[in-house]
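Scroll down for the structure; my scribbles are underneath it.
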Amino acid sequence: MLINVAENVVADALRGMAAAHPELAVDVENRVIVRGDAPVAGKVALVSGGGSGHEPLHGGFVGPGMLSAACPGEVFTSPVPDQMVRAAAAVDSGAGVLFVVKNYTGDVLNFDMAAELAEDEGVQVAKVLVNDDVAVTDSLYTAGRRGTGATLFVEKLAGAAAEEGMPLERVEAIARRVNDHSRSFGVALSACSTPAKGSPTFDLPAGELELGIGIHGEPGRERRSMMTSGEIADFAVHTVLEDLKPRNPVLVLVNGMGATPLLELYGFNAEVQRVLRERGVAVARTLVGNYVTSLDMAGASVTLCQIDEELLRLWDAPVRTAALRWGM
Amino acid sequence: MLDADFFCRWLAAAAAAVDREADRLTELDSPIGDADHGSNLRRGFTAVVALLEKEAPDTPGAVLTLAGRQLISTVGGASGPLYGTLLRGTGKALGQAPQVSEAEFADALRAGVDAVAALGGAAPGDKTMLDALVPGADALPTSFAAAREAAHQGALATVPLQARKGRASYLGERSIGHQDPGATSSALLFEALADTAEAAGEALDDASGEASGAASGE
Amino acid sequence: MLINVAENVVADALRGMAAAHPELAVDVENRVIVRGDAPVAGKVALVSGGGSGHEPLHGGFVGPGMLSAACPGEVFTSPVPDQMVRAAAAVDSGAGVLFVVKNYTGDVLNFDMAAELAEDEGVQVAKVLVNDDVAVTDSLYTAGRRGTGATLFVEKLAGAAAEEGMPLERVEAIARRVNDHSRSFGVALSACSTPAKGSPTFDLPAGELELGIGIHGEPGRERRSMMTSGEIADFAVHTVLEDLKPRNPVLVLVNGMGATPLLELYGFNAEVQRVLRERGVAVARTLVGNYVTSLDMAGASVTLCQIDEELLRLWDAPVRTAALRWGM
Amino acid sequence: MLDADFFCRWLAAAAAAVDREADRLTELDSPIGDADHGSNLRRGFTAVVALLEKEAPDTPGAVLTLAGRQLISTVGGASGPLYGTLLRGTGKALGQAPQVSEAEFADALRAGVDAVAALGGAAPGDKTMLDALVPGADALPTSFAAAREAAHQGALATVPLQARKGRASYLGERSIGHQDPGATSSALLFEALADTAEAAGEALDDASGEASGAASGE
């Protein structure tokens, strides 16, 4: 691993991010990444965060048109409430703060505590839970669906809504609508290695793959022998479409888990588009890349988000972050 | 009676145990989790000990409340708020007494465990830390040693369970056959507690009845 | 690997790229990626290409402000002259075409042949060779320094010059100046697997690394036992600075080889910046990411380019491509 | 005398040999290259055979020139232009004669090999395809079998060499101890040539002196 010591990977990364992005205000000690011009007067602020190891999520999405601040926890460990409280204080202009929380026990508990504390300090806080992962089928007997690829959609679209000047309730409603209309499914072709463990988190022989993985290097629901890119696309898209029955066009995110070469990811996208065509689903926009990752895991996920005119406008709206950038 | 110093020594012993077992806890968190439980707790308990060395509150309740707040501020993940709530809930229940009896502590710990269940929404049998915390707390009125043993058995008993809370639940039936890391670390806390009490008891015996920090045999 | 069959990976990727990027004209059959509005009247065109497996290089750099067209070869195999000839014909507005060629025997030979053929068809062609890799020390007894990270700088800066309307000679001179003032050094923490071979191209045990690698999954000059991120930064930056003695500020590219998590790459950047600070080298701009890759290789390279006022202006100039985008 | 059909059969035999040995060629290209030589040549020679089946030119020169152009258009990498130049150079030197003698072919092949050396700037001893092409071409005036053997020995002799051209040169001394993939494929071409000639000779013997496509013993 390209690291110094496992204990310092997050701090080291934040120092490197600060050096590469003078437009961001990076508080290395307190682990908060804030857009440089925050607070923006009158604008609702978006704060997200979660364990590190999913980069560019969330820090790479801080900037005009997307997040106001991000709170990186230790690798695969949700941040502590102090970080979110500090971030909220730094970005709140008085218009309120939306916490974008991926649905993991740790994230939920820590953001909940942070929301209470921030409200004690007079910040108006709303929360939206992202839980798009259809691989978690039985939400009664589990911690519920995980937040994965849809997080990018929620952060982009709600971020654009906030940038347009919408009030907190509307930004929150848009975030919720995006989440409600988004579903994901992921596969792993290899496990990943956390700095703390130093070796793969589980054993996945070449020639086998895990279906229905999350983004924390955990095994999926099921192991199979290797499938082609086309077969994986069939499986993933069908599984998503069993749950999401889009009547409108969709946004497509073909996301790499970190170590999937773009060459393969684009090839996989060709298959995903084929399946969508076969199923009669119209595609409005497609984004391909390693955006919501699991360290050096090989694999991919597909996220579909059924959109409407407003959401399409918000998607096309300008965004200027380290990892997602267009229109300005 | 148990004084503030006893609880500081317990937390120091817990930190040492967590430090010693961190790799195993992370290892247990690999097949059914995300391979961070050991480093999470090590970070948190190290910070707790550092804080208590700097400013040791003088009541048992304040020691546990401060330690719980420190865990919340330094651990993150699921276990940070949960263990933080355990200590805070216990500490709050102890109130401001400068010394507490073992029975008072057992009642308070029960309150702390209930707070964990309320926060996380889990029940015994869900393959979580509660599977060690609840039997441990149940046995504490008997003795520290009984609590240690009960928590230990509770942790072992998570192996055949299918997880219904936390990350392991995502695995469905594949979570069966693995010991829950959180239940394992909870058993470590009870072990550290019993060790601390026994050491205090021995110190007491050695000193033939000196008064300070006594803990055992009441 | 997330593929269908090894023979089709390039065609599959091009189909996927076409689907994700309607602003590009992707000729899947003839393997040419052209910016959608080409030819741009009066503008010098830039054409590059090389083996596939280095994505986003070059296809991800096609668009306003950078390349006019890219020609992807098979994986790690330079494209054939027919592709470059076709690309040149598609993008030439009459102002001429600059071929950006990485210095590998295959690329040089194929682009040379293409230049002859394109000139036969009446296109004015200039060529610039990128050879920035200081790991190749003995250029008399080797094929000469390889073209690696500096390719991104050459394509961005010469692309901006062309977009500004500079004539072919000046665009060519800028490209040459950028190359002359750029040096790179790379390390591998793992080998990569080509689709054709299906397994790692060489054996690199965990706990060892290769110093002085190129971008084709080849071993480096030397194997060592694992170094920390800080030690690697020391080694890489010192080696580059032995060769490049910048008097002006530099552009810094901290580049991942494909499977290096951004978390690690940003941490590595912190160390690179430390070494530059210690050596008194001023940094004008820093770019961090997986840009010039070697499939799923883990590792990183550092490229420094000594700039001047004109080059800094060209760096900051707007660019709109799949992988690099700012100012528009 | 060798006619167009003989050269088509040679190229078909070469394509079959390359196909058979593709994995080995790629394997040789792994430690000191980029693991594509086998698939490169397979793609190219498959395309050559397909083209020749569609439109078989009727002179030896035209067959080789067309095949060389097809290699250039389909292989890429270093070996595409180099092998393309080998065949084109040889084909051009053969001119437009409908049949050529073995001696004429040997001279033409020498011209093709020279063109490869001129294009790539390599010399024998640099650990490239020239280390098999040059001895093979040198021995061709003796016999097809001698050329096969010389090229084969030339390829084997690349093992102890340090590469000075192509990708392997980047490795410096670490290139020593590996057989050059390009020299190995060049030896395959000579092997296919000798096999084709021998098969033609046998066909000749079997048919006791029929005229068409004869190749051996002149």
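Note that the chains take the letters A, B, C and D in the order they are written out, and that residue 1 is the start of every chain.
Throughout what follows, contacts are C-beta pairs under 8 Å (C-beta built on N, C-alpha and C of every residue); 3 or more make two chains touch, one makes a residue touch a chain.
Source: prediction; values computed, not measured.
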Chain A to chain B, mean C-alpha position gap in Å, rounds to 33
Note: chain C sits from chain A at a C-alpha centroid distance in Å of 29
Whole-Å distance, C-alpha centre of chain A to that of chain D, is 54
Two or more other chains are touched by the chain B residues none
Multi-partner residues in chain A (2 or more other chains touched) are 75
Among line, ring, star, complete and other, the chain touch graph is line
A full list of chain pairs that touch reads A-B, A-C, C-D
The answer for chain D against chain C in the complex is residues 26-27, 30-36, 38-40, 43, 72-82, 119-120, 162, 164-167, 169-172, 174
The chain A residues in contact with chain B across the complex are 6-7, 51, 73-82, 104-106, 109-110, 113, 135-136, 138, 141-143, 146, 194, 196-197, 201-202, 214, 216-219, 221
Per the touch rule above, chain A residues touching chain C in the complex are 1-5, 8-10, 12-17, 19-20, 52-53, 55-56, 60, 75, 189, 199, 206, 228-230, 232, 254, 258-271, 273, 283, 286-288, 290, 293, 295-296, 298-300, 320, 325-328
